[in-house]
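Have a look at these structures, which come just after this line.
Paired with subunit B in one complex and with subunit C in the other, subunit A is shared by the two complexes that follow.
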Partner chain A sequence: MNSIITSAVLGVIMMFSGIFLKKNSSIVLLAILAMVALLAMAILEMSGFHFFPVETHDMLYFDVFGMFFNCIAFAATLAFFLLSGRDIAAIGHNPGEYFALIFFVLCGISIASSFNSLLMLFIGIEIFSIPLYILTGSDKRNLKSNEASLKYFLMGAFSTGIMLLGIAFLYGASATGSFFLEDLGIGKNAGSPMMMTGLILLMVSMAFKVSAAPFHFWTPDVYDGAPTVVTSFMATIVKAGAFIAFIRLFKDAFGDLKHNWQIFIAILTFFTLFIGNITAVFQQSVKRMLAYSSIAQVGFMLFSILGLNVMAQEGILLYIAVYSLATIGLFAILTRMKDFSFQAFNGLARQYPVAAFSATIFLLSLAGIPLTGGFMAKYYMIASVMETGNFFWLVVFALLCAAVSVYYYFKVIQAMYFKEGPSQELELSPAFNVLLISLALLIILLGVFPELLIDRLHIIYI
Partner chain B sequence: MPIDNYIFLSLALFCIGIAGVLTRRNAIIIFMCIELMLNAVNLLLIAFSKMHHATAGAVNPDAGINGQIFVFFIMVVAAAEVSVGLAIIAMMYRNTHSVDINFLNRLKH
Partner chain C sequence: MSATQFLFWFLSILALFSAIMMVVSKSPVHSVLWLIVVFFAISVHYVLLNAQFLAIVNLIVYAGAIMVLFLFVIMLMNLNAETEPLKNKWLKITGVIGGGALMLVLVAALKDADIRNRIAETNKGEIGLIHNLGMALFKEYVIPFEISSVLFLSAMVGTVVIGKKE
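After this line comes the complex of A and B, so read on.
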C-alpha cells in the first residue's frame, strides 16, 4: 500500500509545484527527490514496514514478487529522471505536470502489480493508461505528437472495451459470481466455452497493452510520434507494468487451466518474435528501430507466461530490470541528438567516447551477448520454458530471432565506431556521462552476478 | 427470461460498436462507438449479476452484487477517459481543423 498511496500523493504535490517553483531545474530536483522518497517507501514496504494500514478486502494482495517489481520499476524511473529529467521539463510549458502524470502512471503500475481482483486489474490499467494518453500528446503544437496521442487513445480505449467484455464473461462463468482471481479458474464452469471466450478476450486485450503481435500495429506509430523522453518511459517501465499484470493474471487465476490456453500464448510469442525482429531490420530511424526492438523483446518476455514456474518469475524481473536500464540509457542519448537516423550515429565514438561505449554495452545487452545482463535474462526465460518440457520448437525459433536481432543492434555500433561522420554538438555533461557509464557497469554486473538481484525475491521478511 | 437472450443482445451491441470503430472515419463517431461497447458490457454485467443472484440469492442475499458495483466503476472510468479523449480530439482540431482520422497517416513512412 505504501507505494500506491505515496505515488498518488507525490503526483498531486508535483502538480502544484509549478505554483511555488518557477525554475525548471528546481522542479526537476524536486521530482528526483520525490522519486527517491517513493523508492525508499517501496523498499521499506518490501522489508515489512507498512505505513498505511488500509483494509482492502483482499482486492489487493501484496506479495514479494509484486513489491520487488515495484522497487525495480521505481529504481528504473529514478535512473530515467536523473538522465532525462531536463528533457522531460523541456517538452512544453508546464514541467510540473509532466512529472505529476508520471507519478500517476507509477501509481497505476503499483496497483497493477498487486491486484487480486479483476476490478483492481481494470482500475490499475486505466490509471496508468489515461495519463499516458496525455503524455503522448504533451508536445501540443507538433502534429505527429497529436496524431500519436489520438491513435494511442483510440486503440487503448478499444482494447479496454475488449478487456471488459472478457471480464464480464469470466464473471458470468465463475461459480459464485466473484471477481477474485482465485475463484475464476475453478468450479463447474472451468474450461467451459463462456469462460474460454472471456479468457481469450482478456488475453487479446493484454496483448494490446504489452504490444505483442498481431496486436502491435499501434506501437511503432505511437512510439515514433510521442516526444522521445515519453517514448523511453512507455517502452520500458509502463510496458513492464502491463506485463507484470499479464503474468499475475495468468498465474494466479488460470494457472490450473494452463493446457487450454498455452497454445495461444505460444502463437502470440511466435508472431511477436517474428514480426518484431524482421521488421526492425528494415527501419531507417533508430527511434523506430527501438520501437520494433521493444516488440521483439516482449516476445522473449512472453516465455515467462509459457513457463509459469519459479525460474520464470526470477527471469522476468531480471529481464525487466536489464531491458529497462539499457533502453532508458539508449533513449537518453537519442533524446540529445537532433535526428534519429542511423547516419546520425556516424563517428560518435571519436567525439563522445564515453557515451558511445555505454551505448555499445546497452546494445550488446539488448542483443543478448554473454557477460551482459541481457544474456542472463534471455537465458532464464528460455530455461524456464525448457524446464516445462514443451515448446522446444519455439525455443529454437527464439534463438534464431536473437541471431537476427544482432544485425540491427550492431548496425548502430558499426556506425559509431567504424564510420566517419561530421562533428556534432551534443550536450552531454560530465554528470550525464558518469550516470551512463554506471548504468552500463550495472548491466554488466547483473550479467555476471544475476543472483544479486534474484536472491532478493526469496528472502522472507517478517 | 433465459440469460442467453441478454448475452445475444449485449454481443450484438458490442459488435455494432466494433464495426463502427473499424469503419467510421470521424474521431467523434469512433469515440461514440467505443462508448457503445462499454455500455454493452455494462448490460451484460447487470444480466450476469441478476443471474448469480437468482441462483445463490437464497443462501446469500448479497450474491451477485459485485457485478453491479463493477458497472459503477466502468461508468466512472469511462467518464475520465471521455474527458481526456475529448481534450485530445480538441487539440487535434486546433492544429488540423478536422476530426477526420485519415489525418493519422502521416506517421506511416
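After this line comes the complex of A and C, so read on.
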C-alpha cells in the first residue's frame, strides 16, 4: 500500500509544482527527490514497514514478488529521471504535469503488481494506460506524435473493451460469481468453454498491453511517433508493469489450468520472437529498431509464463531489471541525438568514447552476450521452461532468434566503432557520462553475480 | 407468458434490432439515434433486474450526456455520408470472417451457461436501491472506489495538458 498511496500523492504534488516552481531544472530536481522518496517507501514496504494500514477486503495482495518488482521499477524510473529528466521537462510547456502523469503511471503499476481481484487489475491497467495516451501525444505540434497518441488511444480502448468482455465471461463462469483470483480457475466450470473464452479474451488484451505479436501492430508507430523520452519509459517500465500483471493473473488465477492455455502462450511466444526479430533487421531508424527489439524481448519474457516456477519468477525480475536499464540508457543517448538513423552513429566512438562504450555494453546486454546481465536473464528464462520439460522446440527457436538479434544490435556497434562520420554536437555532460557508465557497470555486475538481485526475492520468504 | 417475460423478449428484440440498425445506418446522426434506443432498452433491462439506480444513471449519463455530446460533435464536424471513405472489399471480407469466428466462439461459450439455477429475481426491488449500492460501494468495494479517483485525476490532468492553448 505504501507505493500506491505515495505515488498517487507525489503525482498530486508534482501537478501543483508548476505553480510554485518556474524553472524547469527545479521541477526536475523535485521529481528526482520525489522518486527517491517513492523508492525508499517501496524498499521499506519490502522490509516490513507498512505506513498505511488499510483494510483492502482482499482486493490487493502484497507478496514479495510484487513488492520487489515495485522496487526494481522505481529504481529504473529513478535512473530514467536522472538521465533524461531534463528532456522530459523539455517536451512541452507543462513540465510539472508530465512528471505528475509519470507518477500516476507508477501508481497504476504498483496496483498491477499487487491486485488480487479482476476489478483491481482493470483499474490498475487503466491508470497506467490513460496517462500514457496523453504522454504519447504531449509533443502537440508534432503531427506524428498526435497520430501516435490517437492510434494508441483507439487501439487501447478496444483492448480495454476486450478485457472487460473477458472479465464478464470469467465472472459468469466462476463457481460463486466472484472477481477474486483464487475463485476464478476452480469449480465445476474449470476449463469449460465459457471460462476458456474469458481467459483467451483476457490473454488477448494483456498481450496487447505488453505488445506481443500478433497484437503488436500499434507498437512501432506509437514508439516511433511518441517523444523519445516517453518511448523510453513506455518500452521499459510500463511494459514491465503490464507483464507483471500478466504473469500474476495467469499464475495465481489459472495456474492449475495451465495445460489448457499454455499452447496459446507458446504460439504467442513463437510469433513474437519471429516477427520482432525478423522485422527489426530491416529497420533504417534506430528508434524503430529499438521498438521492434522491445517486441522481440517480450518474446523472451513470455517464457516466464510458460515456466511458471520459482526460476521463472527469479528470471523475469532479473530480465526486467537488466532490459529496463539497458534500454533506458540507450534511449537516453538517442534522445540527445537529432537524427535517429544508423548513419548518425557513425564515428561516435572517436568523439564520445564514454557514451559509445556504455551504449556498446547496453547493446551487448540486449543481444544476450555472456558476462552481461542480458545473458543471465535469457539463461534464466530458457532454463525455467527447460525445467518443465515441455516446449523444447520453442527453446531452440528462441536461441535461433537470439542469434538473429545479434545482427541488428551489432549494426549500431559497428557504426560507432568502425565507420567514419562527421563530427556532431551532443550535449553530454560529465554527470551524464558518469551515470551511463555506472548503468553499464551495473549491467555487467548483474551478469556476473545475478544472485545479488535474485536472492532478495527469497530473504523475506524464510 | 407473464408480463415480465413478455417485456424481456420485447426489449431484447428491440435492443438487438436497434444495435444492428446503428451499425448499418449510413448517416452518423441516425446511428447515434439508434444507439440511444439501445441504451433505453438496456436501461429497462436493468429495471427488470432490480437495478433501478443503475438504470437511471445509465439513462442520464449515456443517453443523456454522452450521446448528446456525440450528436453535437457529428453535427459540428459535418460528417455526412458522402465524405465516408471507400472501404476495401478484402477488408470487408476479412472483417466478416473475423467477426463471424468471434461470434461462433461467444455462442459456443454461452451455449451451456447455467440459466436454470441463477434465474433473475424479479419483483423484489430491494437490491438495486441506492442505499444498498452505497453500502456495497463503501464497504467491500471501497478500495477500487477510492483508487479510481487516481484514474479520474490523471484523466483530468491529461485533458488539461492536451487541451490547453500554448
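A few points about this structure:
Everything below uses one rule, namely that the second predicted complex is superposed on the first by the 460 of 462 C-alpha atoms of A that agree within 3 Å, B and C clash if a C-alpha of one lies under 4 Å from a C-alpha of the other, contacts with A are read in each partner's own complex, and residues count from 1 in each chain.
Simple rule for what comes next: a contact is a pair of C-beta atoms (placed from the backbone, for glycine too) under 8 Å apart; a residue touches a chain by one contact, two chains touch by 3 or more.
These numbers were taken from a predicted model, which means no experiment stands behind them.
Of the two partner chains, neither subunit B nor subunit C is touched by A:L202. Shared-chain residue A:G225: touches subunit B; no touch with subunit C. When the two structures are aligned on the shared chain, A:Y133 is found in touch with subunit B and with subunit C. When the two structures are aligned on the shared chain, A:L154 is found in touch with subunit B, with no touch to subunit C. In the superposition on chain A, A:A240 contacts neither subunit B nor subunit C. When the shared chain is aligned, no partner comes close enough to touch A:A332: not subunit B, not subunit C. Once the two complexes are laid over each other on the shared chain, residue contacts for A:I265 go to neither subunit B nor subunit C. In the superposition on chain A, A:N94 makes contact with subunit C only, not with subunit B.
Contact with subunit C, but none with subunit B, is seen for A:H57 once the two complexes are overlaid on the shared chain. The contact surfaces that subunit B and subunit C form on subunit A in the two complexes overlap at residues 119, 123, 126, 130, 133-134, 137, 140, 169, 172, 177.
Those residues of subunit A whose C-beta lies close enough to touch subunit B in the complex are 119, 122-123, 126, 130, 133-134, 137, 140-141, 143-144, 146-151, 153-154, 157-158, 160-162, 164-165, 167-169, 171-172, 176-179, 221, 224-225. Residue ranges of subunit C in contact with subunit A, taken from their complex: 105-106, 108-113, 118, 139-144, 147-148, 150-151, 153-155, 157-158, 160-162, 164, 166.
Those residues of subunit A whose C-beta lies close enough to touch subunit C in the complex are 4, 8, 11-12, 15, 54, 56-57, 59-60, 92-94, 97-98, 100-101, 104, 107-108, 111, 117, 119-120, 123, 126-127, 130-131, 133-134, 137-138, 140, 169, 172, 177, 192-194, 196-198.
Interface residues of subunit B, counted against subunit A in their complex, comprise 3, 7, 10, 14, 17, 21, 27, 30-31, 34, 37-38, 40-41, 44-45, 48-49, 51-53, 56, 63-64, 66-67, 69-70, 73-74, 77, 80-81, 84-85, 87-89, 91-92, 95-96, 101, 103-104, 106-108.
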